[in-house]
Amino acid sequence: MPQQSNLSTLHISELNVWYGKNQILKNLTFDVLSKQVTAFIGPSNSGKTTLVRCLNRLNDLSVDFRHTGNILFKGKNIYASKINASEITKQIGMIFQKPIPFSKSIYDNVAYGVRIDGIKDTIQLDDIVEDSLRKAQLWDEVCDNLQSSPDILSNGQQQQLCVARALAGNPEVLIFDEPCEQLDATETPKLEAIVQSLKTQYTLIFVTNKRRQAARVSDVAGFLCCGELVEFGQTEQIFTNPKDKRTEDYVTGRLG
Amino acid sequence: MNRSNLLYNVIAIVILALVLFMFWNFAASTSYVEGKITSGGVVIDTLSTIYGYLYGMIPICCVLILFSLAVAFYLEEWLSHRSWQYRIIERIIAIFACIPSLVYGLFCAYFIVVKSQQISYLTLTIAVFFIVVPVTIRTTQQVIQKVDLSVREAAYALGAKRMRVIADHVIPNTFPMILTGIFTTISRVLAIAALFIVICGWKITESNSKHSFDIPNNAIVLLSSALLFSVISCLFEKKKSL
Amino acid sequence: MQHYLESELKELQHQLLKMGGIAENMLRDAIQSVLNRNEDLALRVIAIDDTVDKLENEIEARCIQLIARHQPVAFELRYLTMAMKVNRNIERLADKCVSIARRSLELLEFPPMQPFVDLPSITLIIQEMVKDALDALVNRNAELARELRERDGKVNTIYEQMVRELCTLLTDQPQLIQTGISHLLLFRHLERVGDLAANIGEEVYYLVEGEVIRHTNIPR
């Protein structure tokens, strides 16, 4: 396991998570390194989504969510009582399974997070919107109709819009929670290419249940099974020489 | 989608206004109501008082609807769905919402109007409360529940706070439907009032010779049993959905 | 993602060609050292071999990584499997060059034998073959790749002829047995270089045409 703490953006130690009486995550300890793609793979119900939702405190929305252990973001415990959940979510963006454009114009969608921060200056907003859309490789498609509704976009483009929206808030970490689940085969490579291009500037966490996708996009991969982090290491190692029998079964397709 | 919903609402408002206007005219044309009931003694006063208090009913309705919207938002947005408070309130509302509003109308008429022989804002508010509040809360809750959780999460993930999410997403997405619900409720209240007048009027014409107007005792029995069945049915309904 | 793998494959090809270039130079130097009885060249060839070995490991790791991560199909799959085999062949070619250089050093200890007529021609042919094999890889030239097998046949013929010549010579002058054996091994190495070049050609042919021509009869 990579242990260079100065490169680690998120440090998770002994994380246990319960929903009501069910323990979803069992004693996870790992580091997410900055400017790298960390992928989490595993069969469904293995706790991947729960894990990443802990990282940006989205689990706070569920009442019976309970956890022990520490999640340090740049050395600070994100569940510390002093820290506001919305501060954390601002710095750790998230892209969901389904593209969820708000029922506003494309421009307003991208500017949403920035406006929450209180930036009202039009020129500044224009810059941020353009920059974010370019990073999400959507600018060329939508620059002529920024004021129209996102309904005109294809599924994949809507997901790109969501990426742009998350980027506009200038987060440090970006979580992709099975972002290609609803995209078709031609849109998926595009999104993967975007992930690759974002790697230079952001720390990315990528959850997927497609092992091939994890192999393609990630630098570091973790295999979750039944709430346990079975194996965590360099992607090549996980996919060429897994240390655990369960990982081997999963990456070869015998399990889940 | 929002735009067409708004259109429907405008149409609904217009139709409702027309109905209201016609009803107003119909009720105000004393030839039917007053002509038939002049011999009814006490009854004349009662009915005309109710009719008169329609002026009072509209503001009361507005206040109560605002109140029920607030309750619905509180229940859905702030209160945990698993807490015992939520469950109890939810169940009480379910019971009251399942009872046909005519039952309330007649009960109120009997106990408040006929028995106590006088009408104040307070009694009227109590009467309208049971007709309006549970139904409005219920429909509003259902509408709010229809707002996709993912939309909320997406907004939270961008750093929005709760009030912001409600203002930006929940209200704009539910507003047309909430509006529809409000108008339906108002129309219900009016329909009850109308039915009430018609039923009473018919009763009076039948028992023309008698000087006292009483809602027959057997009607009370029927209404009680109807109430009982409604309660039972809504209890079952609740159990199934849980 | 196709785009991403494509650039990785280009990188891989670049590395392969770099290794091929080194091997080609080694072969040239080794042969020069034999023909001109040059000790320095031979030593240099032996020294360079480490670089090639390192490159081989690197390329192999890269291929495995690419296969594991991208699970390629069709052309990309053929390319990666070919790259692994060509990689192996080039490394063996480099090893042969080292062997040739060793023989060259051995031969330096003896007085020069009578020149073999065919030696310059066989060295020319095999150098040409190695060069063409790498060219075929760069240009994805199936024809050139297939043609290498025919040239390998020629090399074998010349080799047999040289061995016969050596036999006659040794029967006449048995005291030259030691240097004779060195020569025999040298010839054998040269002939193996031809084989390896032909192997590379076969792999390139598979890459371009998707057809295995190994172990099929060479049309004469």
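Worth pointing out:
For clarity, chains are labelled A, B and C in written order, and residue numbers in each chain start from 1.
Going forward, a contact is a pair of C-beta atoms (placed from the backbone, for glycine too) under 8 Å apart; a residue touches a chain by one contact, two chains touch by 3 or more.
Keep in mind that what you see is a predicted model, and the values were worked out from it rather than measured.
Shown here, the protein chains touch in a chain-like sequence that does not close on itself.
Chain centres here are means of the Cα atoms, and by that rule the chain farthest away from chain C is B. With centres taken as mean C-alpha coordinates, the chain found closest to the middle of all protein C-alpha atoms is A. The distance from the centre of chain A to the centre of chain B, each centre being the mean of the chain's C-alpha atoms, comes to 47 Å. The distance from the centre of chain B to the centre of chain C, with each centre set as the mean of the Cα atoms, comes to 93 Å. Only residues 2, 80-83, 148, 150-161, 164, 168-169, 172-173 of chain B touch chain A when the two sit together in their complex. Against chain B, the residues of chain A that register as touching in their complex are 56, 58, 61, 63-64, 86-87, 89-90, 93-94, 96, 98, 100, 102-103, 112-113, 116-117, 162, 165-166, 169.
Residue ranges of chain A in contact with chain C, taken from their complex: 188-189, 192-193, 196, 212, 215-217, 235-236, 239-240.
Interface residues of chain C, counted against chain A in their complex, comprise 1-4, 64-65, 68-71.
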